[in-house]
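These are the structures, in structure tokens.
What follows is subunit A paired twice: with subunit B in the first complex and subunit C in the second.
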Partner chain A sequence: MQTSARDRGLAVLGSVVRPVVYIGLSLPAILIVLASFTAGDNLRFPPEGFSLRWYSAAIASEPFMSALWTSTKLACIATACSLAIGLAAATAMDRYTFLGREAFRTLTLSPLIVPMVVLGLGLLQFFAWSGLNQTFYGLLIGHVLITLPYVVRTLTAGFILFDKTLEQAAMNLRAHPVTVLRRVTLPLLAPALISAAVFAFVTSFGNITLSVFLGFSGETTLPVQIFTYVEHNYDPILAAVSTLVILVTLIIIAILERLIGMEKLA
Partner chain B sequence: MIHPTTTVHPSGTVHDSGVLAHENLPAVVALSGLHKAYENFVAVQDFSLEVKKGELLCLLGPSGCGKTTTLRMIAGFITPTSGSIRIADEDVSQLPPYRRDTGMVFQSYALFPHMTVAQNVAFGLANIGMSSARQRARVGEMLDLVELSHLAKRYPRELSGGQQQRVALARALALQPAVLLLDEPFSNLDAQLRVRLRQELRKLIDQVKITTLFVTHDQEEALMLADRIVVMQQGKIEQIGTPREIYEQPATRFVADFIGWCAILDGAVRNGVFVSHGGLHIPVQAGDQDRASLVLRPEHLHPSASGAAPERALQGVIETADYYGSMTRIGVRVGDELVLAEAGLEHGMHFEIGSTVTLSLAPHGGTVIPGGQA
Partner chain C sequence: MLDSLAPRRSWRDRAPLLILLAPPLMLLIIFLILPMLGLVRSSFSEGTGPSSFGWTLGQYSKFLTDTYYLAVLAETIGFGLIVAVACLLIGFPVGYSLARLPPHKRRWRLIAVILPLTLSLVVVVFGWLVVLGRTGLLNSILIGLGVVDTPQRLLFNRTAVLVVLAQQFLPFMILSVMSVVSQVDPVLEQAASNLRADRFTTFRRVILPLSMPGILSGMTLVFILTVSAFITPRLIGGARIQMVGSLIFEQVLTVLNWPFAAAMSFILLTITLLVTGLANTALAVKMTSGGRHAN
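And then the complex of A and B:
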């Protein structure tokens, strides 16, 4: 049969392409992780021997650890702000018709479209004028801006799937609007809120362009720290730091996966 | 058109569920001059209605007739443009949904997907500040009532459509609301289940003796379940009456056409005989009218092959024949008019398109509606 021959051909092709994609996606991370255990002085693959010395070096390194702390703090606060603003914006766009709603929607998504360099330059000018230059708040505002599109998009999708008759049913069952929000709306939107938070956190945590533009005196974010370090040195401490970051991200995702999974069961 | 505030008085026929008993009871829901206008259309206009205590009242009409809008205005989800809503002698027009004493079953049931059956039923009880011990007792009681106690720990998605409906009902009834509001509760179920659940619902409502307002577009559902039916069209009341009145004495052409099958002939009444524009002469019990319509239901006409007494019989040619299993519905061309009749198996005849048939008219044959089309 002709169709079955074609199907078989496509199936074979698929079984070849899929591993290539998976390997292509994960190989860089795997190489870095493997290289981080090297006993030698050079960052290279395959690693020379096995040791944890670069991990102790990384943890002992003040610049890296303070950069990790700055990045984590920044990403957490930016995520919280972005969630609050994004939730309000997504709610307004979902439930109310107002003049310029579509323009507003485009505006909230625009940081995705405007090149990061242009955005960074613009913010730099603006902050220089408003006195927020070289401050944590300036950097924070920049990070909220770039995470907002992800939050708004994810929450908008969540709202589309949310059945509003459930809120009416709750109100019909004598629930005050605050109770409706607490016991019906938020629990059912939790998966969307959590994915939005993950997107926002990862976007902020990994951002380098904007952080370079808006970096403030004394403290740097981890990506910026790694970037500047690489300009002068190329040793396995980078691999160890990266592996730590990957580990932390994996743990966070695993926790959230469990939370969302439990939410679906409940 | 019957004015909304005039109640149609039953013509001595007692409805099966004894609707006459409701006549003097207090009104649980009283709507007066309810009006809802949107930017480009009017959904409900000058709607006045009283739902008596213990009554099962049905709002019936095609989609877009304003029946659901009316129900949602009573529940408080839609704000009327004007008019007032009273529930249990309290003007609730300005109150938010959560301060109105209604229990609603939504078309989609709207069960909370993240809560178990028991948690769904308990949701409203927690909101009125009931202690958890009493909540548990009431939930048990309600689940017993709808025979779902064994599924208390399940989640809504694990239940069948019929079970979900019963959970929604238990959840609404748990608060013992003054009025139960049902929005097309059967439309998500398949035909066989629908008929069974209809009977179960009626039994349940009779058991808890709750005043019920029920919205449907399905006339069969309305005829079977309701004590009284309100037929609506384009936001207005066409007729209020018992199922029997609505079916047997339709007040308007729309009601006749919407409920059941019928042929509507236009013409005039002269000396106890309805003369149609198409030249049919049918004796009726009505005074002279220059313009009138005659509603001829299939059960008014009995088909037979042999000729009957000429003045109470019509002779025509079969134009359409639709086989329904228990009977064949035939469309018969008599003169210039097309009438409908039903032929059962007992006639032992084959109704073939093009053959001649004699239709004998039942003694009470046909209902005259004043003011036909010219």
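And then the complex of A and C:
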């Protein structure tokens, strides 16, 4: 009897913790979206009335809109670079054995292990020495670095599931190597490539911890702009801008969910 | 694989490999290894400006002899441990149930776990300001319930920082536990219950040992992310709660004392590398000694 009480306790605890976790994880985002439609002048919850005035304020705000553009541009270019470099790295590790392959694997994943604040200072100082300081390229290089581990990891997993006999079959049928790549290899790798690209994009688009060190005068990314704004102000325009960030992220994730399903991400 | 096993390795065969390796290697050597070496170099510099020279251990002794900095360091490590344990306790039941759910039930729950990870950190933290602020959700609820009469100060304290950090990093723990539990064959649990073990015993003797790798890697990740945090302590903790990350941030962008910031960075990096190393060693030991139990 004692044991069954222990079991019941465990079950009850689990059924309490789980809903709290699912709600708690989404709560901040949901509140932002709700608060952004306020008609009042103050950021409060529950919001006062309903209006879109803070959205028109956000869209009229030059700093926020140019930051949104910078973030989008940066995330697109960083994703493309990271995908190309990550594909090269993953292919090399999958198709060849070479001296130091495991060391190379560790190296490609290591931007994840280094604390972002440390990487931020390291790059900031290095860019200051090499003249890349406060340029778009500095920011881009930083974002390629931090998205690369996700890309390499996802593509490596994709290669493991990859059936190489299909490539060999195509080559036996005298397909040109370029044709094999275009008609066999890339389509088979497509799910891994898409999830790698999505992960790289959202990582770059939302990044604050590195961008805040490399952000440059004149052009900043949207998360950095939100951060500097929230340090001194606290008004509903932030909720409207943050809702735009949530929207972009949701759209990207929804595309992924549609194309290959969420299971692939985990 | 087949090509690479061929006995002769001429330059012709290796050329594609070199072409593949060159871009990632160049990127990582120039923009990861060199900057880290530069950081080590400048942590030994004299002076306080962004460009300092000379050799000294002064920056390290400044940090390691000042009780204020040591207290911040101790608190940062304490935060890391608390958040890691909290994430484990809350995240394990969720990760376990996710791994055992049928796919159609798992879908939306998985989205709820992954979305916060993909969302910008600064947006998540701002969401918490809406929850905890003077005019926020929690104060409205407290006043509505008559618990308090006036809005309370819920921000700028340790508990708030810990809660927000734990919420941010919880998904990592959940996913880590989920991936390792889904490798554990449910047949093992059925076998345990056939042998009349209750669920608690099954959990303690079967599930827990087998999910140790996921628990360890999840906790390591959460610990590292927590000790490196600086956005959350700055916005949620304000000036009252300092962590090593926020000290570094302040030294870099406000005080402009880069050599001192570099020394603190190096100390932080050493801690995270030590913890990663320890966890990997523990895992390796677990794998070799636990092998016969697992099979």
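Annotations
In the analysis below, the second predicted complex is superposed on the first by the 240 of 266 C-alpha atoms of A that agree within 3 Å, B and C clash if a C-alpha of one lies under 4 Å from a C-alpha of the other, contacts with A are read in each partner's own complex, and residues count from 1 in each chain.
In this section, contacts are C-beta pairs under 8 Å (C-beta built on N, C-alpha and C of every residue); 3 or more make two chains touch, one makes a residue touch a chain.
On a predicted model such as this, the values are computed, not experimentally measured, just so you know.
Three-chain overlay on subunit A, with subunit B and subunit C fitting side by side and no clash. With both structures placed on the common chain, the touch criterion links A:188 to subunit B but leaves subunit C unconnected. In the superposition on chain A, A:41 contacts neither subunit B nor subunit C.
The superposition of the two structures on chain A yields an angle of 90 degrees at the Cα centre of subunit A, opening toward subunit B and subunit C, reported in steps of 10. Looking at the shared chain after the overlay, A:249 reaches subunit C, while subunit B stays out of its contact range.
Contacts of A:174 after superposition: subunit B is touched, whereas subunit C is not reached.
Of the two partners subunit B and subunit C, more subunit A residues are in touch with C. The overlay of the two complexes leaves subunit B and subunit C separated by a minimum Cα distance of 6 Å. In the superposition on chain A, the residues of subunit A touched by subunit B in one structure and by subunit C in the other are 263, 266.
By the touch criterion given at the top, residues 163, 165-166, 168-177, 179, 183-184, 187-188, 263, 266 of subunit A touch subunit B in their complex. Remark: subunit A residues 3-4, 6-7, 10-11, 13-14, 17-18, 21-22, 24-29, 31-32, 35, 42-46, 84-86, 88-89, 91-92, 95-98, 104, 107-108, 110-111, 113-126, 128-129, 141-142, 144-145, 148, 164, 199, 202-203, 205-209, 212-213, 222-223, 226-227, 230-231, 234, 238-239, 242, 245-246, 249-250, 252-253, 257, 261-263, 265-266 touch subunit C in the complex.
Within the complex formed with subunit A, the residues of subunit C that make contact are 1, 3-5, 17, 19-21, 23-25, 27-28, 31-32, 34-36, 38-39, 42, 50-51, 90-91, 93-94, 97, 103, 106-107, 109-116, 118-131, 133, 135-137, 140, 167, 170-171, 174-175, 178-179, 198-201, 203, 224, 227-228, 230-231, 234-235, 245, 248-249, 252-253, 258, 261-262, 265-266, 268-269, 272-273, 276. Against subunit A, in their complex, subunit B makes its touches with residues 75-77, 96-99, 102-104, 106, 108, 110-114, 123-124, 127-128, 171-172, 175.
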